[in-house]
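Same chain, two partners: chain A is paired with chain B first, then with chain C.
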Partner chain A sequence: MIETGIPKLDGYLHGGVPEGRSLVYYTYPGVAGDVFGMQTICHATSNGRLGVYVASSTDPQMIRDQFSEFGWATENYDGRFIVVDAFSWLIGADSQERYVVSDPEDINSLTQCIKKVMEEMSEPGIIVFESLSTIMDLCGESETLDALEEWSQYAMLYDHALVYNFTAWPYSEETLLHVKENVCNSVISVGGITGDVVFGQYFGVLKVDWADLARKSTLFKVLKPGGIRAYIPKILVTGPFDAGKSTFVHALSNRAVSVDRLGTTIALDHGHVDRKGFAADIFGTPGQERFDPIVKLLSGEAMGIFLLLDSTNTADFERGKRMLEITKSFGLPVVIVANKQDLAEALTPEEIRRELDMPADVRIMPAVAATGEGVFEAFETLVERVMEVD
Partner chain B sequence: MAYNLGIPKLDDLIGEIRGGTNIMMIGPPMSGKEDLINIIAYRGLADRDAAVIVSTREPGNNVLEWFERRNLNIAMDRIGIVDCVTRTLGFAAPDTENIKMASSPVDLTGIGVKISQFFEHFWMEMQLRETRLCINSLSTILMYSNLQTVFRFLHVFTGRIKAANALGVYVIEEGMHDAQTIVTLKQLFDGMIEIRGGEDGYQIRVVGLTPKPTPWFDYEINGVDVVLRG
Partner chain C sequence: MSTSEMLGKVLAGLGKVGEIEASAISTRDGLLMNADMHAAGDPETFVAMSATMLGAAETATSELGKSVPNRVIVETDDGKLICMGAGPKALVVVMTAPDAGLGLVLVEMTKAAEKIERLI
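Right after this comes the complex of A and B.
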């Protein structure tokens, strides 16, 4: 198995792409699907695999620079990162690469080069195509589809995994269908939530022939540096006044330059979390009763909720429960954070469960927001629950 | 949602251009198309719209400087430039607030992603509802990709312009393409801004946005003012 390194995806694929198999990132135009292939090859090579990147629309040196913008230092993969240059010829530039496609507009020339690389790779590895659609544009749709079959057979022979970035431009119906259904062992659709503009991006497995199909979609965003993160656009942090909501939001938040952001609603506290392949925007609500209508408004589109409680302040527990009712209208995943555990009078999570009369399946987690203790555990628990929901 | 070109007499004749319109600007080399398309973008910025400019002929910085040099009273955070040149020259320039780098004019996937990201940014975060997309020029893109490929690309993005009620303007160099290419691409556009050589200087007219083409006008460009005569 060769992991893709895309958060959540390796789980859906039961570990990644098996040697000798193929996968296509089938991307809708305008959505940043190209990063999927990039992340996959960098993940593989940084884990000691041999990786080949077939460049069709980018200068090979620029490719290395692009990777490093994401924090992926190809020069550290000593020799395990190989570029097939199917680009330089197009702009009449010289190539420094060992593997150069002499005429990228001729599919045979490309096939020849790819076969040569496959033969010469010292061990089974992964071959990632920067843009299958560009190859198709240059060489023709049916010519390319035929070649894909040949490449697949060859890859099987040498146990290499093949991964394609493909932009689903309006090609002929047959071509699109073929790419979606026949060409690869696995198809990952990478799409955008479109309205007037594309906002919000997701991926999901359309096909996989070595594992059960997980019919799930995962929202993602692309961070630079960082790459693809499974993304939760809205997690709400609610709770009574003084429970530690603002402190909690700040303890969780870290800086990350986001490449593509979902629009934000005004909130009193707003933080962005980036952790272990997951990113989330978190919004704190005010705690006072007079703001309840605002809390209700803020809770729209939330995908998960933290209820913060001051573990020493039992008088406010009812209020906390009430706030949960205001926000949790549709059975969203909830984690209750038993905050201020550093204080002597703090009740334990189990004591709080009894006080609140909460069923056993509701997670109540101890934390000290003031020092950050327990906040990430709470985050990971909630994220896990949010991601399990379709 | 409605747009003006920022070319006084022509705007009077064609009236407001409704949102979702895609226009081809075609004319001979050196006729000032570069200035004209920037002026159309500028008109939007002055109207508090956003502008996304795809630059295939010169580095994004040059385009930005075009606006800066003219000391215009516009909010620079409403300009997004997709730069298809800098990286082909071998410069590892990172994205900036105003400029996103595509790999090359071949990289239609990347160009599409960057356009979409600017549109999303202007729509969602800046809450701007009127955006102009200016591609300068399709001719460069057509040098590296075949007609069918470019057609597919434009098919998607002229569609997005419609969906977003935006305005799209696409430059084509006259004389660089065969008639078939022009005829094919024309299908994607609602109208054309045509430029031709006149007795002294150049002439401009608009076709397709009104029942009859506008008359031809001699024109001169002074800064961001297009002065029409005739």
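Right after this comes the complex of A and C.
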């Protein structure tokens, strides 16, 4: 198995792409699809695999620059990152690469070069095509489709995994269908969604022939540096006054801002989290009742909710439950954070469950927001639940 | 063209008004839909705060039984921040240059807001 390095995706694919198999990132126009192939090859090479990148629409040096913009230093991969230059000839430039396609407009010339690389690779590795669509534009649709079969056979012979970036430009219906259904062992669709008003990008598995198909899609965001992250546009942090909501948001976030006066949030806390392949924007609400209109305003379109409670302050627990109602959180994944566990009189999560009369399937997690203890565990639990809902 | 791209076009149109330095469209509850920030800070936080501001202003005026505000204008030494609703679901917010003429900006923003309302 060669991992794709895309969060969630390796789980859907039961570990990644097996040697000798192929995968295509089938991207709809207007969505940043190239990054998927880039992230896959960088993940593989940084884990010690051999990686070949077939450059068809960008100058090899520019490609290295693009990779480093994402924080992937290809020069550190000790020669395990190989570029096949199928571009320089097009603009009449000289090439510094070891593998150069002598005429990228001729599919046979490309096939010859790709076969040569596959033969000369010292061990099974991964071959990523920067843009299958560009190859189609240059060499013709049916010619390219025929060549794909030949490449797949050869890859199988040498146990290399093949990964293609493909943008679904208006090619013939037949070609698009062929790429979507027949050409590869696995197809990942990458598209944009226009929901009610929220705009996002998602990926999902359309086809996989070595594992059960998980019909799930994951929202993602492209960070620079960083690459692809599974993304949750809004997680709400709510709870009664002085429960530690702002402290929690700041402990969790890579960067965060607060609108507060005298230590009390009056508008909102806003933070970004980027952790273990997941990114989220965190909205912290005020806790005092007089700000309830703001809480209502901010809670729309949240995908998951943290309810923060001061474990020592049972008097405010009712207010906490009330805030779940105000935020219209019914049906959304909720994690209750039993904060201030470091104080002597703090109730345990189970005692809090009894006080609140919460069913057993609601997660109540201990934390000390002031020191950051338990904060990320709570985050990972909630993210897991939000992603399950997809 | 996708809705997102069309919203981008509306913002690009606003950007042609020389005095507008940054602009963004978000949902009323503070989720970013599109932004034209010219690298002037973080668009997600910018729209979250703008949505809160507009929402708080609406609550404040309706608390006194007055109608909802047409816009919120914030004046700073470095420029003006103007935030207005674009239909019931969205809002548009811009940051202008310090000496920007408010009249022209408001006319252009109102036009943009009408377009946005019809796009979503």
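Note that the second predicted complex is superposed on the first by the 367 of 390 C-alpha atoms of A that agree within 3 Å, B and C clash if a C-alpha of one lies under 4 Å from a C-alpha of the other, contacts with A are read in each partner's own complex, and residues count from 1 in each chain.
The definition used in the following text is that a contact is a pair of C-beta atoms (placed from the backbone, for glycine too) under 8 Å apart; a residue touches a chain by one contact, two chains touch by 3 or more.
Everything numeric in this text was worked out from a predicted model, so none of it was measured.
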item: First, second, both or neither for A:283, with chain B first and chain C second; value: second
item: Which of chain B and chain C A:144 touches, first, second, both or neither; value: neither
item: Per-residue touch tally on chain A - higher for chain B or for chain C; value: B
item: Partner chain(s) touched by A:95 [first = chain B, second = chain C, both, neither]; value: neither
item: Which of chain B and chain C A:57 touches, first, second, both or neither; value: first
item: Touching partner for A:301 - first (chain B), second (chain C), both, neither; value: second
item: Touching partner for A:65 - first (chain B), second (chain C), both, neither; value: first
item: Partner chain in contact with A:272 - chain B first, chain C second, else both or neither; value: second
item: Contacts of A:192 with chain B and chain C, given as first, second, both or neither; value: both
item: First (chain B), second (chain C), both or neither touched by A:233; value: second
item: Touching both chain B and chain C, residues of chain A; value: 30, 192, 194, 196-199, 259
item: Chain B to chain A touching residues, read off their complex; value: 87-88, 90, 92, 94-95, 103-104, 106-110, 112-113, 115-117, 119-121, 123-125, 144-146, 148-149, 152-153, 155-157, 160, 163-165
item: Of chain C, residues touching chain A in the complex; value: 2-5, 27-31, 33-34, 42, 44-45, 48-49, 51-53, 55-56, 59, 89-90, 120
item: Touching residues (chain side chain A, partner chain B) in the complex; value: 27, 29-34, 56-59, 61-62, 65-66, 69, 87, 90-91, 131, 133-134, 137-138, 165, 167, 169-171, 192, 194, 196-199, 224, 259-264
item: Of all residues in chain A, those that touch chain C in their complex; value: 30, 192, 194, 196-199, 233-234, 257, 259, 267-268, 270, 272, 281, 283, 293-294, 297-301
